[in-house]
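Multiple structures are listed underneath, in structure tokens.
Each of the next two complexes has chain A plus one other chain: chain B in the first, chain C in the second.
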Partner chain A sequence: MLEQKLRQTCRELLANGTVKVIIGYGAAPAGQATRAVFITTPEGVEQLVWNDRCEANLVAYLKRPEVRALGKPAIVVKACDERALVVLQQEAQLERANVFVIGMACDGIGAPREAKCRSCEDQVPRFCDVVLGEVTKPADAASARWDELAEFMKKSPEERMAYWQQELARCVKCYACRQVCPLCYCQRCIVDKNRPTVISTSPSLKGNFAWHVTRAFHLAARCAGCDACTRACPVGINLRLLNQSMAKATEENFQCRPGTDPQAQPLIGNYATGDKEEFIR
Partner chain B sequence: MSQTISLAGIRQLIGQWLGQGKRVAGPIRVNADTILYQNLTSAEALLLDGCVHPGNSIKEFVMPPHEKLYEYVVKGRDVELRNQEAFPPERLILGGRPCDAAALPILDHIFNWDFVDAAYNQRRQALTIVSLACTRQDDACFCTSVGLAPDAVQGSDALLVPLGNDEYEVRCQTPKGEALFAGKCTPSDRQGSVPAGPAKQFDAKQVEALITSQFEAPVWREQALACLGCGACAYGCPTCHCFDIVDEGHAGGGIRARNWDACQFPLFTLHASGHNPRQGQASRQRQRVYHKFHIYPEKFKEYLCTGCGNCVRRCPAGLGLLSVLTAIQQAGAAAPAAKGEEAKQP
Partner chain C sequence: MSRIGVFVCWCGENIARTVDVVQVAEASLQFPGVKHAAHYKYMCSEPGQSLIRDKILADRLDGIVVASCSPHMHLKTFRGAAQAAGLNPYLVEIANIREHCSWVHQDKAKATAKAIDLVRMAVAKVRRNNALQAIKVPVTKRALIIGAGVAGIQAALDIADAGYEVVLVEREPSVGGKMAGLSETFPTMDCSQCILTPRMVDVGQHPRIKLYTCAEVESVDGYVGNFKATIRQKARFVDIKKCTGCGECWNACPQKKIASEFDYGMGNRRAIYIPFPQAVPARPAIDKQACLKLKKGVCGICAKKCAAGAINYADQDQLLEEPIGAIIVATGYQLYQISAQQPTAELSGYGEYGYGQYKDVIDALQFERLVSASGPTGGVIQRPSDGKEPKHVVFISCVGSRDNAKGISYCSKICCMYTAKHTMLYKHKVHDGQAHVFYMDIRSGGKNYDEFVRRAIEQDHARYYRGRVSKITEENGKLIVRGADTLAGTPVTIEADLVVLASAMRPATGSDDLARKLRIGYDQNGFLSESHPKLRPVETNSAGILICGACHAPKDIPESVAQASAAAGKVLVMFSHKEMQRDPEIAKINESTCSACFACVRTCPYQAAEKADVRDRAGNLVKRTARINQGLCMGCGTCVAVCPSKSADLEGFSDQQIYAMVESLL
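Right after this comes the complex of A and B.
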């Protein structure tokens, strides 16, 4: 059984001193999905679980000082989580050799299965130190990846604006979207800068637009599409749509699929003579 | 003898209020997965079943996430203040959960114990709250652990108790509630009853005693590791009430606003000097538990928690007060001598 295999792998990693801590999924109290567990002893691996409720992107924990203090980690990732890890690597936020990455072949997560999983192109992580399991349920055609966005873009600009006004009006700036994001690692987020204030801290419509649009742009060509922000939002704002529109634009214009090539230069920090410029008006 | 009202009667009541230009709020479905307390634009939008607890709390109607306090205009060496806020319209909340309503008397204490907060009190006085007794619960619910129940009446002007078939027993608690339902109910001999609430999950008294003696216990660090430090718990909590005052505008003027703030953010305690007395998530999470189960009870003789479970439901990391308190109780039972332990500051 895959869960046993995962536990065995982790037990060995801790026993032979390869890592100090395993960042994995553990059982959550009834009614919740799973939660991150931080295991430091070989006996502790019995807490690890692997199931279709392993929803969180645990890569977000690599930015937490409390977790870093535990020593060299092994981290359990799905293919989408791994893309975030690769972006961190590209952006020099982590030394790949200092993290042991355990990839899990993934049939999709969530009950019901999440939108991103239905059109997942990856399923099996590619750059891990070890990959466990195999895919038993291939995702629907990856061509369906932009369907939700395409449907949304059929609306007129006025309708789309009305939609975002309605949706973002609910935001109370709890910043769950930012905190669960592995790529929101700024030591001080622009929205927390108050000398002077750059982005209005108020959860007003203006402040909310400023926040979400800024975040989407900052994640352009970086967002791994793990949808952690969308899952985390307590008021049900479909942030996935914002991220997807950025992802589609960078993919179509710059052939950039973030986190799929550890050797690639980050798009924002890179210039190619072939880059299109007709969109600059 | 009891008083009853049908769902159709309730919707009629809402229609009347809306027709008079008053506000009515209640649980509505905002999308396939989300039900929130929001202002109703039609009586039909009200959703009395469909979820155990809406994703937010009714504190938003007495303490909005963003509240303009006044406008200011700089005129030479003077500043002119313009209070633009008219007296808030009368508002009815229908279908509030008893655990949300019970938070209102708590907030009343907070906003009146030294500084009498006019903005809060005006909204509060304009509010009539009709709660709906809970007939079901989920794994996040823990009202019974903090002394409440599925049919608690604290803070409610009236309580609706489901009788089945879209009929409700109306239990008026205050003159406001009586005025609201006067002439709207049918006398009946049916008495509503609700199932017992969730089993007690922890002993609040014991937890209160433990957290004072376990200030440095490792359990705080262990519990906080998975916390990612957002404000989803605090902002969904009916009793969390911390705020920040900000000025927004330009050199010539602007607004002074009150925005929600949360103790889980590092910025909450960051000093101008750059020093932060609450370093690390463990001390921030501990603060939240302390405030709810020690600091506030010490002053006001009640818990700053109604067991609504929203912190559990909303936590993107699968945490929430319930598991933290349970863990503290377990740690306390396992190591009663931890008082003098020279553990490191979390």
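Right after this comes the complex of A and C.
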């Protein structure tokens, strides 16, 4: 049983002192998503679970000072979570040798199964220290990855604007999207900057637009597509669409799929002579 | 509370004609923080500057705005005036109401309103200016000169004669560049080698010039005053310290039919060779593509002949580091390839001229070798196909140049002059011969230049046809040149024995790669960019890197030499100071908010953003951060744009200042 295998692996890691803490998924009341648990003793591993409600991207916890204070971590990741880990590595935010990564082969998560999982390309993590389990339910065609976005882009610009106005007007600026994002690691977020204020902090339509558009741009060529922001949003804004439109643009123009190559340089701030530059002319 | 002074300049009529300067001064008094406003006919003149100085002292101004011309023109002037009155020079702002306003508008009321807005923004900005101190960096007083043609040689000698060390790097086995291969030079007809070779010898023997031949610049790190150049000394297979240049080796080499680069394929050399007898250093190199020993492991005759034991077949490229304070780029030019094959898709060739197809169609540099006393024919004009003396020679100018269809829109500048020279040299050697020239325009500006062209036409009877040549064909050993004489309105057909094409000048191969290594700009044609076409003609936008000669644009020998001395002069100005002062309007990183993503490090075009550690007093690592190297930063602001948390900011152009300027308009 995979869950037992996971617990056994973690027990050994803690017992032989390889790591000080396991960041994994813990049980939740029926019908709810699992929660993050931080396990520091070999006995504690019985709390660990693995099921289709292991939705959160635990990589976000790696940036937290209180988690860092616990010592070298082992972290349980799915393939999509792992992409975020790789981006952090590329951006000098973590030393890969200082993290033990436990990859879980994933049949998809969520009830119902999430959109990202239906067109998942990876399912099995690639750069982990250990990979547990096997894929039993392959995803539907990966080519369906952009279907939702393509459907949305069929609308006229006016219709799309109206959609975002309606959706973003509901944003309460709780910044949950930022807090759960493993790649929002800035010590001071641009929205918290004043003198001068770059983004209006009030939950007005203008300020909301500025926030979400800036966040999408800051995630361009970085977003791992884990959809943590979309799950976290208390008012249910489909932030996935914004992130996907940037992802599609960077993939089509620069062949960039974030987090799929630990050796690759981050796209932003890199220059290649073959880059498209028709927009500069 | 600020005490800002606003000084509105009339610029004679330049501003006052279109902008009501009195109204601008009066309106400025209403802006928050403005203590004093005045206007004057020439603010940059001594009375104008003294007006500023007096007011700074009298009203204890803590910032000033001069509404005048472009800051490129007079920012330094007014900063100097402020400093003289005890005000920090970086508390001076310019509102450009000339180039940005009076020169580009006609409606006086609207232009005045715009000028008031420009001043309003400048006042909003200057209120948030910080008093800055110039940055001081030490200077390594050694110059690197890349390219040892006539420009590089001149610059090297100037700097070395002034008492500083020079590292001179040349790609070819000898210094001398293109000029060493020329015959005689316009407009005085002095022999090119006679005037150049003494300079080449000086370079080779100068105690303060370290000469690298067969070498290229591999990389350059560091910043103005403190560069570190890595030089690739390519394998020469001859130890030039042991070699005496006796010539036993190249006289014995069995590979005799290698096309000589120095003769542009008009003559042959051996596999071990010196490019020409006057080469400096007068030491051979082995062409590893041609040498039988290096290619197949047979032969080895040169090593047997060499009494000094200087031949080393196992020679390898070496990388050598040199500390450098300033760099002069003098990489020169090459000729545009005339034939159909071209190095880039932007260029196209002239299939219709038969270059490369007919042996007797040659380019101008090949003709130089043909008439040169040191050339393959000893200066006797013989056409390449059968060695006969040509009786009719057609010269075609603007081959490639000024031809948008071929991808080169610029004028190569020197071709009109050397074509006239060629007709004269030809006539002096073949008295019964006739030179024909097809031209678009004759461009002969310069001291004694037009007189020179007139001499070619009037005394040496060159026939000039204003028109283009449409086709060249070969029939019975003659080249049939079909063209037009647009002044006579008739087609012209000439049965020529030799055709010389004045092909366009292009930057030397690899100069774009070098520009990228040095982080200096180049234009769409690949020529290196100067910082300002009039006021900073030999500087680049990277501090401490200068350009001279034909790598910058097509130019002739006098201009190249003048520019080389100018670049050397700029280097000597730098070297005359113990420390260098740099403009402090550069980036800074807020290290407490920096998340060390290093986007700025990857993006900085000057490699000024560096990774750094923040440590406590005990030396423990607190955090990592990006940090700006003050010697390198040019203040371009790329890091400010790319920083996701806005932890990078630009002194003198801070986000707060820019936002304040925008907000003052709303």
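Assume the second predicted complex is superposed on the first by the 276 of 281 C-alpha atoms of A that agree within 3 Å, B and C clash if a C-alpha of one lies under 4 Å from a C-alpha of the other, contacts with A are read in each partner's own complex, and residues count from 1 in each chain.
We adopt the following convention: a contact is a pair of C-beta atoms (placed from the backbone, for glycine too) under 8 Å apart; a residue touches a chain by one contact, two chains touch by 3 or more.
Just so it is clear, the structure is predicted and the values come from calculations on it, not from any experiment.
Peer 1: Look at the residues of chain A and decide whether chain B or chain C touches more of them.
Peer 2: Residues of chain A touched, chain B against chain C: more for B.
Peer 1: With both complexes superposed on chain A, which partner does A:A28 reach: first (chain B), second (chain C), both or neither?
Peer 2: After superposing on A, A:A28 lies in contact with chain B but is clear of chain C.
Peer 1: For A:A176, select first, second, both or neither according to whether it touches chain B, chain C, the two together, or no partner.
Peer 2: A:A176: touches chain B, not chain C.
Peer 1: Let me test your reading of the model: by the given contact rule, A:L2 touches which partner, first (chain B), second (chain C), both or neither?
Peer 2: In the superposed model, A:L2 contacts neither chain B nor chain C.
Peer 1: Could you say whether A:V37 touches chain B, chain C, both of them, or neither, answering first, second, both or neither?
Peer 2: A:V37 contacts chain B only, not chain C.
Peer 1: Could you look at A:M161 and tell me whether it touches chain B, chain C, both or neither (first, second, both, neither)?
Peer 2: Neither partner.
Peer 1: Name the contact category of A:N270: first (chain B only), second (chain C only), both, or neither.
Peer 2: A:N270: touches chain C, not chain B.
Peer 1: By the touch definition at the top of the document, which applies to A:E66: first (chain B), second (chain C), both, or neither?
Peer 2: Touch partner of A:E66: chain B, not chain C.
Peer 1: Name the contact category of A:A141: first (chain B only), second (chain C only), both, or neither.
Peer 2: Neither partner.
Peer 1: Within the complex, which stretch of chain C touches chain A?
Peer 2: It is residues 592-600, 602-603, 611, 624, 642, 644-647, 655-656, 659-660 of chain C that touch chain A.
Peer 1: Over in the complex, which chain B residues touch chain A? Could you list them?
Peer 2: Those residues of chain B that touch chain A are 30-31, 33-34, 36, 55-56, 65-66, 138-140, 221, 224-226, 228-232, 234-236, 244, 246, 248, 257, 259-260, 262, 265, 267, 280-282, 312, 314-319, 322-323.
Peer 1: Inside the complex, what are the residues of chain A that reach chain B?
Peer 2: That would be residues 28-38, 56, 60-61, 64-67, 170, 172-176, 178-180, 192, 197, 200-204, 207, 228, 231-232, 234-236, 238 of chain A.
Peer 1: Could you pull out which chain A residues touch chain C in their complex?
Peer 2: Interface residues on the chain A side: 91-93, 185-190, 193, 195-196, 198, 218, 265-266, 268-270.
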